[in-house]
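Chain nomenclature is as follows: A, B and C, assigned in order of appearance, with residue numbering initiated at 1 for each chain independently.
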Amino acid sequence: MKAARVLAVRGATLFGVLIVSLLLVIVVLGATGVSDRMIDSLVNEQVRGLRQSLAQTIRDPDQLERVVSEQRQQLISFYGLDRPWYTRLPDMVWRVFTLDLGSARTLKSFEGSTRVSDIVLERLPNTIILVTSALVISAVIGLYVGVKLATRVGSRLDRAMSYLSAVSYALPTWWVGILLILVLSFQVRLFPFGGIISAPAPQDPLARALDVIWHAALPVATLVVASVGGWAYAVRTMVLNTAQEDFVTAARAKGLPENVVMRRHIIRVAAPPILTNIVLGLAASLGGAILTETVFNWPGMGRLYFDAIMALDENVVVALTFMFTVLYVVSRFVLEVLYIMLDPRVRY
Amino acid sequence: MKELLSSGSGKIGAAFFIALVIISIGVIVAYPANFGLRYWSNPVLWADNPQVAPPSWTNLFSSEKHLETKVFESTGQAERLSEPGATRIVYRFNLNYAADEAPSFTSLTVQNVSYQDRPPIIAVTVQRPDGKSIGLYQLIVSGPRPGEQPPFRRYYDTPFRVQLSGEPNVASAVSDFLEQQFSLPISDQDLLVKGVDQAVFGVPDGDGGFKVLKGNYTIRVDTLLYNQSDSVGHLKYVVGGSVFGLLGTDTLGRDLSVGLLFGFPVALFIGLVTSVVTTFIGTVTGIVSGYMGGKTDTVIQRASDILANIPLLPILIFLAFIVGQNLFLIILILIAFGWPGLTILIRSMVLQIRSGNLVEATMTLGASKSRIMFRHIFPQTAPFVFATMIFSTPAAILAEASLSFLGLGDPSLPTWGQILESGFQNGGVYVGYWWWILPPGLLIVITAMTFVLLALALEPVVNPRLRRVQ
Amino acid sequence: MPMLEVRDLKLQYSSARGVVKAVDNVSFDIEKGEVLGIVGESGSGKTSLSLALMRVLPKNVHAYEGQVTLDGKEISSLPDEAFRKQVRWRQISMVFQGAQNSLNPVLKVGFQAAEPMLVRSKTDRREARKRVEDLFELVGLPREIYDRYPHELSGGMKQRVGVASALVLDPKLIILDEPTSALDVSIQAQIMNLLKRLKRELGLSMIFITHDIALSSDICDHLAVLYAGEVVEKGSAEQIFGNPKHPYTQLLLASVPRLKSDTDPKYIPGAPPDLTSPPPGCRFHPRCPYRFEPCDHKVPPQVKVDEGQTAKCWLNVESEKVKAKK
C-alpha cells in the first residue's frame, strides 16, 4: 500500500535522526576524552567486584594483586581502552543504545541501585505522565479556543488572544513555573512546592492518586500555559485559511448545516497542517518538560538531567540525552502516522 | 515597512525594540569591557551591600519602615582645622534616621593613604539625636615597615575595610558608653551578639534589648595628618540597611539592577546574531536546493531533514555539558541546528515560484542561474524571510536563558538566565525572594515579546489570506 | 408561468475600498426545461449572482434584497434555516467553477456527492451509495470513482463529479458557473454534450454562466447579458444572436473569431469598471463607441425592443435620440 511506503521513508529518516544524534554524542565523548573516563570507571567497578570475590579464595596479598592486575589488563583490552577512541565507535553505539553504561557516579535510583539503566528507566513513566497530560489538555483547549477565534476574526477577543498567544510564546516555561510556585505555593499555600507525592505518602490508592494529581497540577499547568497560546494561534490561522477555500463554500451551497461544514470541511481539512505545527513544537515541549521538572522537583528524566549535570555524572547525562532523542523520534513517528491517516494526498 | 507601523502591535513592538537598542548601547558604552569577570564575580566590590535585600521602593508599601542603605563618601565638604603639629580634616555625614529597625551593619572603608613620617589617624564618632555621642573607632594607619622609604603608601590597590559592627574595640567603646550614659551593664560579648549597631542607633528598652532612636545623626570622621603632603584619598562610611537600590540585591550583595542592565546587550547580541546568521544560511540553502534541484537538492534536503529533527535542548545540554560553557559555542550550536528548519520552508516556496512563469521567462532571456536565484526568486521570498528572522530571535534568547537556568550558561557573563539560576539555586522560590526571581524573567519575556509583536504585525504581509478577512 | 422569477435581486458587500455593488437590481425569468445563459466578463458579478441565488453570502455582506419566486412560492422571504433545508440543493443546486477547488481534498469524491443525502435526508448508506454510483454512470464516469480522492482524478472527471453531485437531490434548477473554463477544448466538448443530453433526457432547467458568448449559443434557450452587476440585455437566443440591441452585446458578438470570415475580430477597449464606484449614467458609457448626450449622466431604463427582449440603452429610446439631434 502506498501509505506504507511513505511511512517507511519517514521512518527511515527518523531512524537516521537517531543514529546521527547518537554518533554526535559519541564522537563528542570520544574527542573530548570523556568516553575514556567513562570506560575507565566501568573497568574499575568491575575490578573492584573482582577483587572482592577473589579475596575470598586467594589469601596471599601479592598473588591477589597480580591476579587482579592481570584481570584488569584483560578488561582494558576487552573494552578497548588501550586503543584510540574512534576504533570503539560501533561498540559505543551499541552500548548507548542498550543503555549499558555502567553505574552512575553519585546518583541512585529510588531503590538504591546505581546502574544507569535502572535510574533512567524508572523515571521514564513520570516524565511521560507529565508530558502527555499537558499535551492532551493543551490540545483540547487550543482546539476549542482556536476554532472560536477563527469564527470571530478581527473582534476584540481575537486581537486580545493574538497578544496573549504572543506572550505565551515568549514566556520561558520554567519561569512560569517559578511564578506559579511563588504565587500559589508560597503566597497562597494552595499547592505543594514540588515533588510527586507527599511525605508520608497516603496509603489508600485513591488518596495516593489524588495526591499525585495535586502535585502534578502546577507542573502540568505550567506546561499548558507555555504551549496553549501557540496552539490556539496555529489552529486559528489554519482554520481561517481553510475556511476561505472554495470547497467550504461548496459545502454550504449543498445545504449542509453549519456544524457539519465546520467539522468535516474546515477542521478536518485544517488538521494536517495543524499537526505539522504540533510537530514543530514537539522539540520545544520536550525542552519545556526538562525545565519544568527541574523547577518542580518532579522525579522524571528532566529533573534527573539537571541533577546529573550538577553532579557531573557523565554516564547518566549520556543515557538521558539518548533517551530524550528516542522519545522525540518515537513521538514524531506517531504523529507522522496520524498525518498520513488524515491526509490522503501524501499517500503517493 | 508600512504594514509594520500601521498595526497596533507593530507600533508597540517597534517602540520596545528601539528602547532595547538604546538601553543596550548605553550599557555597552557605560560598562567596562570585562565587567563579568572583574566586577560581577568579584565579591569584594559588593561587600558593602546588604545581602538579599529587597528594593528600596518596597518601603513605600510596608508599614514597618526598613532602613535604606546609605553610603557616605568623602567627596564633599570637609572642615580643615589646624592643630599644633597636625592638620585635622573633619567630614560630617548627616543621616536622617526614620526607619523602624537598626542597621544590619556599618562599615568604614579607607583608600589611598600616603604619608611621610607619622601615620595618619582616622577616628569615627557618632553624634546622636539625643545629644549623646560615642567615640566608636580609631584607626592608626599601619606604620612603616623595615626597609621602606617615604612616601609610605597604604591601601591603594586594596581598600581597607572594617566592619564596625564586628570590631571588638567598637563593642568595647559602646559598652562603656552604655554603662556611662544609661547605667546599662552589658559585656562586650553580649553586645557583639546582640548587635553593636542596635545600641549605637538606639536606646535601651528596659527589657535587655534596644529600641530604635529616630532622628538626625551626624557621623564625624576625623582624619589627623602630621605632614603637609600627607593625604587620605578616599573614605567611605556605609550604614547597611535591609533594602537597597532599584532592584535589590542577591546573596552576595550584588546590585541586581546593575547585573540585569548588563543582560540587555547580551540578550540582543545572542538573539540577533543567531537569527540573522541562521536565516541567512537557511535562505541561501533553501533557494539553492529548491532551484538547482537534482543531487544538490536531495543532499541538502536529506541533511536538513535530519538536522531539523534533532531535539534541540537535550543535545544543547549535552554539548554544553561536555564541551564547555561558552557563549560562542552556544550560539554556534543554535545556528547549526537552526538553519535546516528555514531551508525546508524556503525550498517549498521556491518550488512554487519556480513553476511559475516568471522564472521560465527569465531563463529564456538567458539569465545566469545565480542571477535568477538572487535577483528574481529571493525578492519573492523576502517578506517571509524577514518575518522569520524577527520571529526566530526570541527563540535564541529563550534557549540561552534555559541553558543558563540549568547551570550551563557562560559563567563569565551575568545574563538574565544566570541571575534567575542563582536565584533559584539559592532557594529564592521557597523563601520568596521575588525581586530576584521576577525581574529577570520579566525582562526575558518583554524582550521576546518585542520581537513577537513585530512578527505579528508583519503577519498580514506574509499571509495575505489574513489580510482579506480584515 | 415561469418556473423561476427573479425580481430586483441585489447583493452588496463591504470591502476595504468601499461597498461593492456586485449584483444590482437583476431581474429575469426561466421557464421549466429551459437553459438561461448569463454572459459577462470577469468582474461582472456572475459568480456573486449564482451565490446570491443560493443565498450563500460572504461574511462582509452589506445588502441583500430582492424577490425570488420558485414554482409560485416566494423563497426570498424564507428565513435562513428554512431556506437551507427546503431550497438549497433540493430545489436549486450548483456546479462550481473549476471543480478542482470545490472538492474537499481529504474526503472521497463519492462521499462528497452523497453527503447531502446522508446528512440531510438521513438516507441509508448503501442506498445513498447506489444512487451516487448511478449518477456517476449517468454522467459517464465509472462507478468505482466513488472511492477515489480528488487528487486522483483529472479535471474533466472532477467536473463530471460536480454535475453528478448537483443532481443528487433531484433539484428543479441547476446553476452552472463556468463549468468548462478550466478544461481544454476537447473535454469542454464532452461536458457540453453531457449537459445537452441531461437537458434532453431529464428535462433539466439550468442557468449557464459563462464569459464565452459563443459557448452559450450551444445550449442556451435564453440569454441575459451581465455588465457591471446589471443585466444590460435579455432575450431569446435567436433575438440576442440575431438582433442584439445593446452595444456591449454587439461588441461581444463581434469579438468572437469566425472560421469563415475575412474581418478581424473586434475587441472592446477599456476595462470593466470598479464595482465600488461604477460610472454615472449608463455604466458602459466609457467604453461604448456609440455613446451620446444622455449616456454619461442619465441611467437608462430597461427598454422593450421586441417581444421578450429588453436592452438597457438610450439608443433604443427614440425620444432621446431625437432630443440629442437638436
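Methods note: a contact is a pair of C-beta atoms (placed from the backbone, for glycine too) under 8 Å apart; a residue touches a chain by one contact, two chains touch by 3 or more.
Just so you know, these numbers come straight off a predicted model, no measurement behind them.
Enquirer: Measuring between Cα centroids, what's the chain most distant from chain C?
Expert: Max centre-to-centre separation from chain C belongs to B.
Enquirer: Which pairing of chains gives the most C-beta pairs in contact?
Expert: Contact tally peaks for the chain pair A-B.
Enquirer: Which whole number of Å gives the spacing of the CA centres of chain A and chain B?
Expert: Distance between chain centres: 33 Å.
Enquirer: Taking the mean of the C-alpha atoms as each chain's centre, how many Å separate chain B from chain C?
Expert: Roughly 71 Å separates the two chain centres.
Enquirer: Report, in whole Å, the distance between the mean C-alpha point of chain A and the mean C-alpha point of chain C.
Expert: Result: the chain centres lie 57 Å from each other.
Enquirer: Mark out which residues of chain B touch at least two other chains, giving numbers and ranges.
Expert: 469
Enquirer: Note which residues of chain C are touching chain A in the complex, please.
Expert: Where chain C meets chain A, its residues are 51, 54, 56, 84-85, 87-90, 93-94, 96, 98, 101-107, 115-116, 119-120, 149, 151, 165.
Enquirer: Quick one: in the complex, what on chain A touches chain B?
Expert: 13-14, 16-17, 20-21, 24-25, 28-29, 32, 34, 153-154, 159, 162-163, 166-167, 169-172, 174-175, 178-179, 181-182, 186-187, 193, 237, 240-241, 244, 280, 282-284, 286-287, 290-291, 294-295, 305-306, 309-310, 314, 317-318, 320-321, 324-325, 328-329, 332
Enquirer: Applying the document's contact rule, which stretches of chain B touch chain A when the two form their complex?
Expert: 8-9, 302, 305-307, 309-315, 317-319, 321-323, 341, 394, 398, 401-402, 405-408, 420, 424, 429-430, 432, 434, 437-438, 441, 444-445, 448-449, 451-453, 456, 463, 465-466, 468-470
Enquirer: Which residues, counting only chain A, touch chain C once they are in their complex?
Expert: Within the complex, chain A contacts chain C at residues 245-247, 249-257, 260, 264-265, 268-269, 272, 342-345.
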